[in-house]
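Okay, so chain A shows up in both of these, paired with chain B first and chain C after.
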Partner chain A sequence: MVQNISDMFHAQSVAVVGASANPDKMGHTILHNIIAGGYRGMIFPVNPRGGDILGYPSYPSIVDIPHPVDLVVIVVPAPFVPDIIEQAGRINVKGIIIITGGFREIGNDALDAEVMNLARGYGIPVVGPNCQGVNYTPNKLCASWPLITAKGPIAVISQSGTIGAAISMWAEKDEIGISAFVSLGNRSDVSEIDLMYFFAEDEETRCIALNIEGVSDGKRFIDCIRKIADVKPIIVLKPGRSPEGQRAAESHTKAIGGDDAVFDALCRQFNLIRAYDLDEFYDLCKLAAFISSPMGNNLAVITSSGGSGILAVDAAVENGLKIPKLSDESISKLKEILPSQCVISNPLDLTGDALADRYSDALEVLRSDCTFDTFLVIFGDPIPDTAEVFLELMEKSEKKFIVSYLGGGDVEESEKNALHRISIPVFPTPERAVKAISAIQKYYERKDEKKDEV
Partner chain B sequence: MVQNISDMFHAQSVAVVGASANPDKMGHTILHNIIAGGYRGMIFPVNPRGGDILGYPSYPSIVDIPHPVDLVVIVVPAPFVPDIIEQAGRINVKGIIIITGGFREIGNDALDAEVMNLARGYGIPVVGPNCQGVNYTPNKLCASWPLITAKGPIAVISQSGTIGAAISMWAEKDEIGISAFVSLGNRSDVSEIDLMYFFAEDEETRCIALNIEGVSDGKRFIDCIRKIADVKPIIVLKPGRSPEGQRAAESHTKAIGGDDAVFDALCRQFNLIRAYDLDEFYDLCKLAAFISSPMGNNLAVITSSGGSGILAVDAAVENGLKIPKLSDESISKLKEILPSQCVISNPLDLTGDALADRYSDALEVLRSDCTFDTFLVIFGDPIPDTAEVFLELMEKSEKKFIVSYLGGGDVEESEKNALHRISIPVFPTPERAVKAISAIQKYYERKDEKKDEV
Partner chain C sequence: MGVDGIANMNELIEHCIKNRKNPNGYEALRILQNYGIPVAPFALVHSVEEAVIESRSLRFPLVMKIVADEVSHKSDFGGVILNIEDEKGIRNAFEQISNNFMNEFPDAKHKGLLLMNQVKKGLECILGVTRDEQFGHCIMFGLGGTLVELFKDVSFRILPLSEDEMIRMIRETKAFQLMNGYRNMPRIDTEPIIKSINCINMLITDYPEIAEIDMNPIILYEDSLVLVDGRMSIRPEF
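This part shows the complex of A and B:
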């Protein structure tokens, strides 16, 4: 149980026990990433050999550091860990991250218990052991790998280091960023539940990406999601859905996933947003990061590519969204302003020679069509200056604009990030956009229903 | 109907009617792409204004060109097209591509019919009108956009220009490449059926990516797929599955898609591989491009990321693949050679510090395990030198190796392409890999069943 994990995230100083000048060592990677991540607190490499490491003077042990130490990151082999916890307790650190493996995950339950008992005795929260560390971008504290510096609205809590890293890297590459990446490892102390409570209050976090293979404590988990699932969207990827997958999960993290149908029912009851594969996990996080108020289920599709528009319509129908007709007023206004080859319906096909200005013109009309408050805008060619389409619209309108950009090559790559910078989410295919819209729309719909029940 | 579209693809000379020095014009783009694509036949810009265009002397009309012209690409406005067809007939061209729109797609059926009657009278096949052209990489003939030069095994036939362009661009970026991209447009003459017959015989093509909103001729279509679906894998994306999508397809290309359940049954009966969204369409093409013989449905999963392995297992179970146990012999051999933290089962978890050599060691053992002939190898970290894992194995073994690479950042990007260069297909998530394996496995299974029936 955790007293105050907030102090750990906001640590003003950090010691890396097992820091190394050898780039092949984990103790190098962690120290390097803390420095390269731009951490502005004090940094203390700890290594009995002494000398400078990556330009910072090292100390033989944490008790030798002549300043207060808030956070201790441990990278030394498992048998040395209890001593370091003892020392950490004596100098009143506020948090410990144990990267080192060799505990419960390989059957060494006794060592795991010894370490946790010590830490609990001192009241120090511990992340890990056997984990990939903690990255909290608001404090520029990347005590983790990979090195991710892009600050953004998604807090990633992950039992799988790779899945958490993949989501974080995608979010960085897309210029969306993360508020945090916490690798749970054995989660012998700090659990997904403690972290969800923290991120629910964290102002830098708009949505929580949760990857777990089983819940750490069923009753506390339900209490937690009952309280916070409607505060911030929680997107959950819980593999081990099949019995075969469940068995694999048990050998991976000793997680008891339980009956998947029960977990699924829990998600529906308490409004967790469940993703069923890794792409969907990221897509839902992306949309939840940008959309933070209810959206309707009437979708208007505007496209330069008729074929892509049809993909969107099929996906919408299959995911419970509606594609209503345009109002007569919209139709007559659009007929006035659009070239004759455009197909004026929903989807609205602006045709292949459409540039950004044609989208602006069309959206300027459609934003007044009260049938719609959600717009899927498909750019199906290398169309430049797409961010300008939305900047003015967003000032004048509360409508939701979601983009799918495809067939645009290098232009697509830069436009996608330009759109993300102005908080317009971009998906690589129309179907992925639609699936995400459907899931987030349902989240807000259920949230509203629950409010009404109260 | 088409006499010989092969001559068009293998054209030794090409005229662009409507070639322009103005980079904003389509007549510039087409000419530019033919030149920049490295076309080694003769190139003749046609423009009544005369002068050089992009370094090539232009001619007032095609009849003024003092050399034989095999292919004519038409970019001038629709009303001028009939005259050009007449001229093309007089100089015995072998194929015509009409990029220009303004025909049947906007209700101008008469002009469409006039043009087609003229061309048929002369026996010249016509692609289009209202299309994005033809790219045939074995002839370095990019009479199309986008400019794609990467030669590869996938022939893309697409009713939607954007969908075809997206697939082609992804294949180029992934260093897989295409043999062709043909944009059908109104397909007033050359149809998807003619093209499927051509690509079935084309030595450069290993699989056919077919995007249509409806078939051009039901009876001929069935005849065609009956003959060729087992010759080369045909992956088909046919949007308009929902009634709403079907209506949108009708306004897009006047396509009558028919009852989707009927088309679905057709796919099953004649062994078309149906994709249900754009990502899947590309994934299936990618796998079909690299795997050209039967694969079993017993899957071995080898991973550095336990969590990703579980995603693969769930997806395998949901898609009808089996994850059998490793043989006792494999287990005891693996126990000898792998570090103690590895989880020796299926999935085989090599754990987070695995580098390429650990994969090599494990696969060297498993390739002799007769339970498996298909291996999903997941690299869940920035692991370098992965191509070397497979080079030797591929020489010694007929087994199928499919990769999912994730959480690898820049290393992943370069490794992915290195793997594609040695014909190992790479997928961005385990689930996408598994779905593709399942679909291609079923294709070969059905193909074998049909052979047995004969």
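This part shows the complex of A and C:
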């Protein structure tokens, strides 16, 4: 299946069945996004009415296309789908995406089964039906919506189209980007498990963002995460706690062990990183996208805002991180170079008039303090040129820098993206930064522990 | 000792599976004991005379409790009597539990009474199994007793699991803090729990039809443990 999915995502040509010149139609949006996304393969709109659509000549059916077709995106109503699968089989396509709904999700199991049997007979993988499509940025293939072109390290696999789209859009806006967005829909064929195996091998993907309400096959899911959870971080958002009393409580163990307690245990056992809300889901993906080795448990906090520094310390302690004292050597060096109003401790308060150069001076000293592997740097005012602070430091040291930028107005927006461009993750609050550090650090610790176990 | 004419424990489970019937409290203890779980010495009795005879191979003080399919919380209606010190106590307890049961379940018939050595105090824990529809059998460990559902100090893992993972599961609970010498309490070794989890894993592997097991309470001591109550339910796999 991994090879099949790879062939599908690396398609050299795409046909959109149900392509339309009418901007209100889904068949227009999909074709438009493939074109506007900069796809470099061949593009074939399919529409029996003929003529040009968005500047590309259309064909009455996929069998009329005089070139090989790798990928077929289907946007026509459900009853027409079996015929198209049949045609796709005859011309040896490598993958099918069925955007259209009207299958199992409305009780039309028979049509769902018919379509899947046909496709399986031809050995063609199918994404969907009833889905929001596939966007694979390494191939500039946005057979999906919204139009997202920013290539980056996060692979988004989502049962909910909206949640997947939201994460992808935030990643684009933050100049982090995605490697892929796959909307699972009914997942009648290609499942989250197949995709996880693919993205584990995909060179463009550094972490996997998985949004599911339930798994498609429990035993296969466990097999899969056993194999790949330590290859790349997998961040899971799984809403839907089962209502209490849904099943008769026959034993204590069953009464307590609702589905969610079991899934939670599974995450801990197999090292999935679980997010409990959408903000956290994105935060964890962001950090996992930038940091790919352990950060240690000792955190140094450098801030221009005393209050924010204390928030960071509280959150750190609550989330199992430590805020050790600065070494005597660091303290005496900092005293020499910093203005007298600075509070020299951990958190190190550079105070409200600090600009980038004061951060540079402080971090230059602290990077030799071997207590710390990781620095949470809080910019609590509109401080420009913050990326400069880190560029040189990152060349000279292996230390990890994580930023929380807040209270910075317009400067904050541009600084945030400048930092993302040099692979420094930026969080809107110190607490969110700390929580993400704690979760990702636990992932790496756990991965190390498991290495030593048989 | 036969159970309803059944010679050994494997036959007993297979009989339960075939007839889709849950083992009763006594049978559950026998099955668990047969797979290596240490259980406090016990006997099933059906009459006062039988109880008196069996008590000679046990050790006072004793505990007597009802064995009946209808009952899920034995102590709620007086189905359990503790601190039985002598033969007179046995007679009184037998009568009292029988009466309490008749009052609570007038149309039911119990399966006998369980006579068991009353064990010394220790840390009351629960070790349980539940079969998740998606992920299969899970093991649960935590603080036990009658208030387990209220406190929910428990931790789960999917079976099978490594011994390192078992230790991680145990460490996630507050029960572990108690085991780890909280306020000068004696330290409790995790090894006996790990052994018991391995026993349970074997049982579940042999009989995946077992859908749930409650071993509650299982009493932990410094370097041993003993089970005093257990139940089990059987449902065919999906």
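Everything that follows uses one rule, which is that the second predicted complex is superposed on the first by the 434 of 454 C-alpha atoms of A that agree within 3 Å, B and C clash if a C-alpha of one lies under 4 Å from a C-alpha of the other, contacts with A are read in each partner's own complex, and residues count from 1 in each chain.
To be clear about the criterion, a residue touches a chain if its C-beta (ideal position, glycine included) is under 8 Å from a C-beta of that chain, and two chains touch if they have at least 3 such contacts.
Computed from a predicted model, the values in this text were never measured in an experiment.
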Touched partner set for A:Pro125, first chain B, second chain C, both or neither: neither
When the two structures are overlaid on chain A, which partner does A:Ile106 contact: first (chain B), second (chain C), both, or neither? first
Please indicate which partner A:Gly185 is in contact with in the superposed arrangement: first for chain B, second for chain C, both, or neither. neither
Quick one: is A:Ala261 in contact with chain B, with chain C, with both, or with neither? Answer first, second, both or neither. second
Check whether A:Gly18 is in contact with chain B, with chain C, with both or with neither, and answer first, second, both or neither. neither
Pick one for A:Ser340: touches chain B only (first), chain C only (second), both, or neither. first
Kindly classify A:Gly177 by the partners it touches after superposition: chain B alone (first), chain C alone (second), both, or neither? neither
Is it chain B or chain C that touches the larger share of residues in chain A? B
Common ground on chain A, meaning residues reached by chain C in one complex and by chain B in the other: 251-253
Please output the residues of chain C touching chain A within their complex, sorted ascending. 72, 126, 128-130, 132-136, 138, 140, 148-149, 152, 154-158, 161-162, 164-165, 168-169, 172, 212-214, 216, 231, 233
Could you pull out which chain A residues touch chain C in their complex? 214-215, 218-219, 221-222, 250-257, 259, 261-266, 268-269, 449, 453-454
Under the touch definition given earlier, write down the residues of chain B that touch chain A in their complex. 101-102, 105-106, 132, 146, 158-163, 165-166, 169, 211, 213, 239-245, 248-249, 251-253, 277-279, 304-311, 313-318, 323, 340-341, 343, 345, 347, 349, 352, 380-382, 406-407, 409, 428-432
